[in-house]
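The next part holds the structures, each set out as structure tokens.
What follows is subunit A paired twice: with subunit B in the first complex and subunit C in the second.
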Partner chain A sequence: MSPRTRAALLRCARNPRVMAGLLLALAVIVVALGAPWIAPHDPQEQDLLNTLLPPMWSAGGDPAFPLGTDTLGRCILSRLIYGARVALYVAFVAATGAMLLGTVLALISGYFGGWVDWIIGRLVDIWMAFPPVILALILLVGMGAGVNKVILAIVLIGWTRFCRVIRSEVIVVRRRDYVAAARLAGFTHVQTIVKEVLPAVLPLVITLFSLEMGIAVIVEAIMSFVGLSVEPDVAAWGVMIADARTTMNQAPWGVVMPVAAIFATVLAFNLLGDGLRRALDPRLVTSRESL
Partner chain B sequence: MATLEARGLTVTAGRGENVPKVLRELSFTVERGQVLGLVGESGAGKSMIGRVIGRSLPTGFRVASGSLLFEGQDLVGLPADRLTGLLGDRIAFIPQEPLTALNPVLTIGAQFGEHLERIGVPRGERRARAAAALKDVRLRDPDALLDLYPFQLSGGMCQRVLIAMAFASEPALIVADEPTTALDVSTQATVVQIIRRMQRDHGTALLFITHDLRLASRVCDDLLVLYAGDVVERGPAADVSAAPRHPYTRALQAANPPLAGTDRRLVTLPDQMPGISRFTALHGCRFAPRCPVADPTCATAVPPLEPVGTRHVVRCVGECLAKAAEATVAAPALVRGDARGETVLTVEGVSKHYPGKRDWLGRRGPGADAVKGADVTVAAGEFVGVVGESGSGKSTLAKLVMGLEEPTSGRIAIDGKPVIANDPASREIRLGALQMVFQDPQSALNPRRPVERLVTQSLEAPHHATTEAERLARARSLMLETGLSPDLLDRYPSQLSGGQKQRVNIARALCVTPRLLVADEIVSGLDVSVQAQILNLLLDLRAARGIGLLFISHDLAVVRYLCDRVMVMKNGDVVEAGPTEEVFSNPRHPYTRALMAAVPPEDPTVPWPPEVVES
Partner chain C sequence: MSRIALQLLFRRVLLAIPILLCVSALVFVILRLLPADPVAMSLPPGATAEDLAKLRQAFGLDRSIPEQYLIWLGKLLTGDFGGSIYFRRPVLDLVSKALPATIELVFLGLVLGVALGVAGGLAMFAWRGRAGEQVLDLGTSGLMAIPEFLWAILLILVFGVALPILPFIGRLSPGLSLPPPVTGFLLLDSAITLRLDVLGSALRHMVLPATALAIGLAPLVMRVLRSSLMEVIQEDYITQARLRGIPEHTILVRHALKNAALPTISLIGVQGGFMFGGTVLVEMIFAFPGMGNLMVDAVRNHDLPVIQVVGLVYCVLVLAINAVVDVVYLMANPKLRTA
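Right, the complex of A and B next:
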């Protein structure tokens, strides 16, 4: 491991934002992966005798349903736990897709410059000028609802962010003499990009990836709220909010709980992303350590 | 009362018992109207004194003992508000980087005005005062200048503006930290001349911090040579430069290639100056591990400053002083390889024109000619120098030769085969014959690669089917050839010193056994003693491998030392070319003569700097 990498990891480990975000995100991931063992009930199991139960600590609560039940008597905790799976699946796959598409185009655009850069740059401009919500709705109406369609929509909206930010960093790295030196050492363009340019922009890619996961969680929640995402029989946070909103006055916890889950997850990814940016951004790092 | 007096000033880094002393027991005085030169290589602690005055020491550094008296009051213990009152008014600074020292979004007039406001000049008088001050530093048309922004001026003009600002408050003391390092040779001469004249006219005391012993000895009344935080020699400039007594001062002088006289191989010291973290392990003289005449007692106790002449003191023990003279006189004569091989590179009438920007009607602006019809040939085993100031087109020439830029017209051939910029066939021809050593090793070495993978980077390219073991063996032999310890193979560039980085840079270029190296300003960022090591390395490589070199530099003395033939460029034109000795002993073009006159001469009787040229 190079001292640079080690120093970067050390800075991450010392950064409270990174550690808080990482712990929170890990907790959500563990819960999502272990859902069948952690959840007290099946998320679809209805108990029509115990509908709209409050959480166990308030009056009338039942310890069998720790966070209470919804209108159909389904366990809110279990539905939250299973909902995390949907949220993280969408977050991970969509962010990966946006990252791959955006980074590859950014590398090509920033490395080759000239007319290639111009075309990709204008494409991003046009793409970003189009309202993202409309774009997503058109896609989902056109192709039909479904989680994978939501992922596609997020990828098609999110790649521009990666492309813009990473391209400017690639241009900075491209001007370093070591990139010219690699070409003079006989490296092909692909080799130069992969071995010399990509490692230098990787910290930025990781940071953006983390932030994109947070965005994807919110978009998925919105889409499942309006019923364009998961199948009706799948527990998702957006679906839970949609189901509970009719009884919000009698049973506010049915809305509060999934909102809290979304809040915590997005906060985790944003803290992580912001902390990584602070720990890995060469400009912020050098200004503090140069003296 | 002395304007500035240091009494046993000691600066330490870090906290605890055994902290390294970055400056150790520093004492000097600067009287009114006097110039004291602080000379040392990077890491010597010469900039620390300016930082103590400005109270801007790096975090963790502090003045542990001693005092720094400015007109009798101790700057170290002075309350912050009283110090702030002195700075910029009674004490002024001339910075190293003129372009970054001025705010790019304010006009010269606005910045000058701010400074004058600070020193209490009433609003109505400011513009006239600023214009008069600019006229004083021989800037033409000062009124128009006040409405310009810093980026519209050259580096030399910015530095003159800063000098005018520094003198505006009639300070008692001016601290100039490497004021000419970022400037061209001819600009350096002008700027030095202006500082010197202003200082004399105003009777200001001047602290002149520099790495250039030759320059310092021409500018200063007194010299103080620093090595790793210790004063090794202090005395009148004429005495120190004519008869340096400390082995380190001698080595500094011997490492500087001369611009005239007989060619001797530069005497280099082994290794480099110890870093701060190693200070605590050096109990005696910090120079002892590198000293050519050290005896065992040097390393155990710090030698005292011994007087050797009028006001001339040296930190060295008696016997060494006697031996130091012998060690440097015995420099061997320079052996030039005159066995010229076949011509590798032929450049005929090559030009590069950068087209101007299109305006909104699509018409092109005038553009710029970076290189206008240059002719060069370099044979194997031949060293050819290209000299010129910044903007002369010498770096563009290197890029054209390497195929990093496409020439507008003309022909480049390698081994007689014509090459163009970027087609696969030309690339193949270049890869077999040419390699480039880049100017800035910081930027030229990928910080994420260890040394082993840097020097053998070429083997990762297609058509090189090498095993890891072969690669390691190749790396080892390259390290040996460029004088690097094999221990460094696992290090990363951030863990190397400047000289080591430049060696790695050269080793990488040698990996595929090129017959011609193109080197763009490869020693300009290095200390004199490290520069000498690299120059000698290039000479040794020629003897061992018979490689040719296209050496691009702004430093005439370095080119004279290294090259067989030289060409002088100005604004894209080759104004003079020929065998080095001929060009340097009998320069024909006025520009060549002007360049040579701008270099401080060895002979102390020759007046320097030359008269200021109006700009």
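Right, the complex of A and C next:
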């Protein structure tokens, strides 16, 4: 590990946002992975004698259902816990796909410039003319609904966020002396990109990846709320909100709980991304060190 | 407006034409991937294959995709937006009713979001280095972790259900008659025709949805404004102003804010476009009869003619708001004015 990498890691570890985000994200990941052991009930199990129970701490609550039950008597806590699996699965796979597609196009576009850059730039322009939700809805109409289609839609929308930001960074890095030196030393273009340019933009890629995970959680929630993501009986946070919305007057908890779950998860990824940006951004770092 | 601003506007319009052509082709092709047949679904049970073929022919669905696209585009350019399969009405009718509602909502959302954001950004800047800034900074992180549609639901829970002080369904209280359409915009029409009961009811119905949209924008404005104020405040002319004995708040408003506004203006350009996307779910949740509600209904019923046009209208709105903000940016930035 180079001293520079170590210094960067140390800066991250000292950043309260990074650590808070990391802890919160780890908590959600543990809950999602351990769902079968943590959840008190099967998320589909219906108890029609105990529908719309309030949480256990309020009057009429039942300790068997710590956060109460929904209209079909299903345990809200268990559904929340299993919902974390859907959210994290979509967040991780979709953000990875968007990152790969966007970063590769950004590297090609920024490094080679010329007509390749022009074409990729115009593609980004066209994509940016759509509000993301509209493009996602149109893609899901064309491809059909389903959670994997939602992932594909997020990849097909999210790549522009990576491409735009990383491309401008690549253009800066490309002009540095060590990149020219690598070419003079006989590196091929691919070697130069992978060994010299990519490491320089990697902090930015990681930051954007974290933020994209948060965006993916939101998009999945929107799409499952509208009924275009998971099957209606799968426990996903968006589905839970849509189901509980009809009984919001009697049982506001059914809506508040999944909203809180989405909030905590998105906040984790946002804090992490935000903290990483502040800890790793070369401009911010140098300005802080020069002070 | 100066000549340069007009030139810029003209350039943006010219640039928008190829983008819109590509966008419309893209939407058209994506929608033709659809595995289901929307026409077959709209037929009553017991319809024959012949009925289906006739209807498909009527909607032009029996031709090749490029042919369909060119026919559709040609009609669009002559003002024929096609007919909805699901609503059984001309798409133009549906869009011209829904569009003003959405524009009014986004306008209020933008005004409210920018006002909250600028106030918050100034507060963060005024409290720089103190606990208040940290609290607001963490607050922005929290606000940004909740998307607009969840704000919509939370606002309904608090101000519609728990403290029932604001309406949250539709655009007007039931029983009110609509003012005669002059501009098509409800707020303007009711103000022009002095129907203050309608104006009041419409505004009350827009408070919650516009707030939901505004909370999505405000934290971003706060952050960008704060950081550009931090940069501007280190400039020499600020020190000069201080040496001349100008009070700190006058420096902030007269000198710093003017220059720090530029990054905020471009942010509003980008986010204003996204706000139109945010209206989709917010309108659906508030049963607000705008483009978003139309879009969701069309998506659920695979109403391709509607989705095509509505998708395109959203892109026109995004490009228009970008162009307007670019012109404002140019007019606000003296460095670019003589370029």
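By our rule, the second predicted complex is superposed on the first by the 290 of 291 C-alpha atoms of A that agree within 3 Å, B and C clash if a C-alpha of one lies under 4 Å from a C-alpha of the other, contacts with A are read in each partner's own complex, and residues count from 1 in each chain.
Basically, a contact is a pair of C-beta atoms (placed from the backbone, for glycine too) under 8 Å apart; a residue touches a chain by one contact, two chains touch by 3 or more.
What you see is a predicted model, and the numbers here were worked out from it, not measured in a lab.
For the composite obtained by superposing both complexes on subunit A, the positions of subunit B and subunit C are free of clash and fit together.
Between subunit B and subunit C, the partner in contact with more residues of subunit A is C.
With both structures placed on the common chain, the touch criterion links A:R245 to subunit C but leaves subunit B unconnected.
When both complexes are overlaid on chain A, the residue A:V266 reaches subunit C alone and has no touch with subunit B. When both complexes are overlaid on chain A, the residue A:P63 reaches neither subunit B nor subunit C.
Once the two complexes are laid over each other on the shared chain, residue contacts for A:G114 go to neither subunit B nor subunit C. By the touch criterion stated above, A:F225 is placed in contact with subunit C alone, subunit B being left untouched.
Once chain A of one complex is fitted onto chain A of the other, the partner contacts of A:L140 are limited to subunit C, with no touch recorded for subunit B. Superposition on chain A leaves subunit B and subunit C with their closest Cα atoms 6 Å from each other.
Within the complex, the subunit B residues that touch subunit A are 58-59, 402, 404, 430-431, 434-436, 438-440, 443-450, 457-458, 460-464, 492, 494-495, 508, 511-512. The touching residues of subunit A, when paired with subunit B in their complex, are 2-5, 176-178, 180-188, 191, 195-196, 199-200, 291. Residue ranges of subunit A in contact with subunit C, taken from their complex: 17, 125-126, 128-134, 137-144, 214, 218, 221-222, 225-228, 241, 245, 248-249, 252, 255-256, 259, 262-264, 266-267, 270-271, 274.
For subunit C in complex with subunit A, the touching residues are 19-20, 22-23, 26-27, 30-36, 141-142, 144-147, 149-150, 153-154, 156-157, 161-162, 273-278, 280-281, 284-285, 295-296, 299-300, 302, 304, 307, 311, 314-315, 318-319.
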